[in-house]
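Heads up, there are several structures right after this.
After this come two complexes, each holding chain A, first together with chain B and then together with chain C.
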Partner chain A sequence: MRQSFYLAYKYITFHKIRSIVLIFSIGIIIYLPNGLKKLINESEAQMLARAKATPLIIGAKGSSTDLVINTLYFQQEKTEGISMKTLNDVNASEFGYAIPVLSMFTARGFPIVGTDPDYFDFRNLSLASGRLMSFVGECVVGSAVADKLNIGVGDSLVSSPENFFDLAGVYPLKMNVAGVLDPTDSPDDQAIFVDIKTNWVIMGLGHGHEDLTNNYDPSIVLQRDSSTVKAGAKLYIYNTINGENMDSFHFHGDMNSYPLSSLIFIPKDHKSATIFRGRFESGEFTQQIIVPEYVVNNLLQSIFRIKQIFNTVFVLVGLATMLILALIVTLSIRLRKDEIYTMFTIGSSRLKVFEIISFELIILIGSSSIFAVLLYLLTGFFVEDFIQNFII
Partner chain B sequence: MITLKNISFQYQNSDFHLEFSELAFQSGSKTAVIGPSGFGKTTLLNLISGIYTPQKGSVAVNGKIVNRMSDSERRTFRLTNIGFIFQDFKLLDYLRVVDNILLSFRINKAMTLNKSIRMRAEEIASLLGIEDKLNKYPNKLSQGERQRVAICRALLNDPSIILADEPTGNLDPENKHKIMHILFDYVKDRGSSLITVTHDHELLQGFDHIVDFKELYTYS
Partner chain C sequence: MTKSLAVFIFMLLFSCTSKKENTAESDAKKPVIAVVNYPLFYFAKTIGGDMVKVHFPTIDGDPAYWKPNAKQVNDFQNADLILANGAGYEKWMEKVSLPSSKIVNTSIGFKDRWIEVNEGLAHSHGSEGKHVHQGTAFTTWLDFNMAAAQATSNYKAISGLLPGHSEELNKNFEHLQKDLGDLNKKMKEIGKNLEGQHLIASHPVYQYLEKGYGLKLTSVHWEPNELPTDDMWKDLEKTIAEDKVGIMIWEDEPLGEIRSKLEKLNVLISVFDPCANKPESGDFIEVMNANIERLAKLINLQ
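This part shows the complex of A and B:
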């Protein structure tokens, strides 16, 4: 047996490229169904865990899936928003408390999420360095954002303009990084958290500019009376908020009408949750209230159906690969006719030749399995990216 | 003494038919087998070694009827009595020279590969002048060197019969004579029998006997 293994090993290692191609091909076929199963199972577990940890979501009527994806994963689907008034009304109901979420903009590819400090307690997010945002214009970044952009406390981030060609539109805001969060293996790692008001500044609902009280430049001040001053486009709007210009920042209009993407509602108890949901069903509130777990479960059912299709495909591909492998072995035996004949002439039995070829197959399939296991283990490291890029 | 009597052999699914009444080879003699291609010279070697068994007749080596032996007995017979040398060397390209020489010990449970066998392989390699090639692969050797490796492999088990199928067919004139000298010297020293199939009439004078297949049997 040892000698047969030796000869098989020599054959495999001599034909390196052929063996590597076979090992890779068989390895991938072994890996794919198992790897996909792991990806889907872990995705299911992670997605459900975040959904289960979020009792209720309130948002505008429309796609509940988009609302959940926007609120839990900050994917910024184009959903209808709600207003600050809803937040105030919900908090006034005394069935629990709501955390606002406003996710509409990005900075260098990462979502800017406007919320309040309760969010950090609710998600058990801890700081790796720095502190939470205390002022408008400050941000706290997730660990992945800090790693990928190589930024930390004291650095700054500029929000990405929505539309370069809209001169009257949203201006980029330079935000100071106040803190960096510990990693959590969740979408929070990929987010830039700001105060809701910072998000409104980015939207253009609030701004800061030079004091016009004592400015009489006619090219800037277009009209002045006892209560109002009208300024022209030459007026310099600050694109960063710091100690010197902070007092000049102000918001126009009724803040109750300011937008939010959604609310995460944390009820006092199960009974409160049930009664509160009833208020939405009765029409007391015009928005929708959803249980994220149900929505994510529905989403996962669709993925599960896709998984079943994949499994069938992989069984067929596996079968085809086995047939091709059998063909390769048969052709290889034909090509090695001379070698086998030589072995017979110098005293080998058919059984011995069979043993050598079997060992070659065992080495190939064994190496392929090891390769597949390595890929399977590697898969664990990419689950997060997979969920972010393919599931959601 | 090797005796083949009343031989009739035919390959499956082939028109080829080898038939002759008697052929004998003296122990310790050097015999050249000549004749046109396709007359069954290589088949004769395979019959003597027991790789093929005739449909009729008998093949006897030193009184033992080879074609009445079981598969396993014929394998053991080949291992202990026969050394095969081929025109195209039939070396395994994925094994180093030393492993090619030791191949018969790696593919037979009956034979144990030990230190003394390895030393013997080195001795024969040294005798044939390829001791410095033992760790090379066959594709790094010249034709003459490859044939020497094949001879080393054939001689490793100290065979009493050497069957050579056109051993010089792929060699240049210089190597051709060297290889034949090596074989003749070995046969002389050990008292082994040498049966060589050849087309090369230049080499015939070194042999004790010549069997011309054209005159030997009926070919249909």
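This part shows the complex of A and C:
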């Protein structure tokens, strides 16, 4: 038996390239249906867990899927916004409380999410270092952002302009990193959190500039009378907010009309949630209210119908591979006719020859299985990427 | 004997320590209410009593112009309830990050009665067009009707935090409403006595007092501890002559030199402390009663 295994092992190592190709191809065939199943199941569980942890989402009427994906995954789909007034009205309803979400801009490829300190309590996000943002112009970064950009407390991040050719448009804002979050294996790891007002500053709804009342530079102040000062384009708008210029920052217009992407609503209890949803049905609120769990469930059901097609394909591919394997074995036995004849001549029995070839197959399939298991284990690390790239 | 004395001392020490620990523990369980000025501190403390911990930071100067540091913002972030005065009082809140669900604007119920004021020149820059930074007068509590409405707002918010203590909260609230009602009555009486008379205010902080009690006030920008310039005196003398002013209201006792010069101009001084910050002595009701008494005394002198 040991000798048979030794001979099989020697045969396989002698035909290295053929053996490696066989191990890889069989390994991939074993891995693919299982790996995909793992990816799908874990993605499903992760997406549903985040959706279930978010009781209700309020947003403008339109695509409920876009609204949920934008709120849960900060995908920045072009959805209609709601106003700050909705937040105040919803909070005044006393059925629970709402957390604002405004996700429109990015910084170095990561979404900037405007919210307030309630969000961190709601998602149980803890700080790895630093503190939560205290002032406008500060940000708290997710663990993946900190790792990938190699930044930490005290560093800064600049928001990306919406359009490089729009010189009069939104100016980039340099944000100071106040804290870094602990990893959570969720989209929060990939986000840059700022106060909602910081997002409004990036949008240009608020800004800071030097005091015009005491500036008499004709190249800056174009026109002045007792009640009005008109400044030109030379007026410097601060692109960072710090202790020195903080006082000069101000917002224009009625802040009640300022935009939000959506609200996460946390009702006091089930009864409050039901009554509150009724207010939207009755038209008291003109926005839509969504149970994210239902939307994500529908989305997953549509997407994962493809899983059945994949399963069928894998069964057929697996069958084809097994047939090819059988063909390879049959052909190799025919090619090894002389070698087998020699084995018979020197006294080997038919059983012994069968034993040696069987060991060769066992070693090949065993190695392929180990390769498949390794791939399967690696799959767990790519669930988040799979969700980001293939589902949402 | 020595042994029993040692045991007694030990027990005494132990009981003191555990009492301290118990107090700290029960303090930690109390809901924390952060407030932005002294009137709201007084209302919250009077209504909530020992059932709540009211956090009013130590502020040097007028709390309306407070600039908190990160630690102080963090204290507000960690509170269970944040009581804001509203009417544009706490401008610092525009620049800090606070949980919107915990903020209660105590004057939002009478937003239609906020008094608008212009805060500077209209200006334009970039593509935004002309805009002026409009604001509102914010010493709302000087109209005691509004103060009562703010106290009601406090009461509702605190009741939400302490659902099992309605009886005690109600009792405290009724007591506060009575005190504020008494102040309102007294101030109305003064308003009647001052009908038709023109007064000068050292600072534009008495808009709600003026409107609530039918006073006629002209505000200047004088500081009690700074000597006014000659131009300021000239302007004041002109106003006194034109409007026949006999009383000037100050936030604090002015310098002796100012007092004597005003007295020469036959203008009586009445200190009416808005009490936005913690008073050195007494409480909100006592300070307001003293303000009213001073004003009443001057009317009798006239």
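We adopt the following convention: the second predicted complex is superposed on the first by the 391 of 392 C-alpha atoms of A that agree within 3 Å, B and C clash if a C-alpha of one lies under 4 Å from a C-alpha of the other, contacts with A are read in each partner's own complex, and residues count from 1 in each chain.
Rule of thumb we're sticking to: contacts are C-beta pairs under 8 Å (C-beta built on N, C-alpha and C of every residue); 3 or more make two chains touch, one makes a residue touch a chain.
Everything quoted here is computed from the prediction, not taken from an experiment.
Enquirer: Using the touch definition from the top, say if A:F280 reaches chain B (first), chain C (second), both or neither.
Expert: Neither chain B nor chain C is touched by A:F280.
Enquirer: Under the stated touch criterion, which partner chain does A:F310 make contact with: chain B (first), chain C (second), both, or neither?
Expert: After superposition on chain A, A:F310 lies in contact with neither partner.
Enquirer: Pick one for A:M343: touches chain B only (first), chain C only (second), both, or neither.
Expert: First partner only, chain B.
Enquirer: Does the superposition put A:Q3 against chain B (first), chain C (second), both, or neither?
Expert: first
Enquirer: Examine A:Y376 and indicate which partner it touches, taking first as chain B and second as chain C; both and neither are also allowed.
Expert: Neither chain B nor chain C is touched by A:Y376.
Enquirer: Applying the touch criterion given at the start, work out whether A:E138 contacts chain B, chain C, both or neither, answering first, second, both or neither.
Expert: The answer is second: A:E138 touches chain C but not chain B.
Enquirer: For A:I99 in the superposed arrangement: first (chain B), second (chain C), both or neither?
Expert: second
Enquirer: Going by the touch definition up top, name the partner, chain B or chain C, that contacts more of chain A.
Expert: Tallying touched residues of chain A, the top partner is C.
Enquirer: For chain A, which residues count as touching chain B in their complex?
Expert: Residues 3-4, 6-7, 10-11, 13-15, 338-339, 341-349, 352, 356.
Enquirer: Which positions of chain B touch chain A when the two form their complex?
Expert: Touching chain A from chain B are residues 46, 49, 51, 71-72, 75-76, 78-79, 84, 86, 88, 90, 92-95, 99, 103-111, 113, 137, 153.
Enquirer: What residues on chain C touch chain A, complex-wise?
Expert: Answer in residue numbers: 67, 70, 73-74, 77, 94-102, 120-128, 130-131, 133, 160.
Enquirer: If we count contacts the way the header does, which residues on chain A are in touch with chain C in the complex?
Expert: Its residues touching chain C are 87, 91, 94, 97-100, 116-118, 121, 131-136, 138, 168, 178, 195, 197, 209, 212-213, 227-233, 235, 237, 246-247, 249-253.
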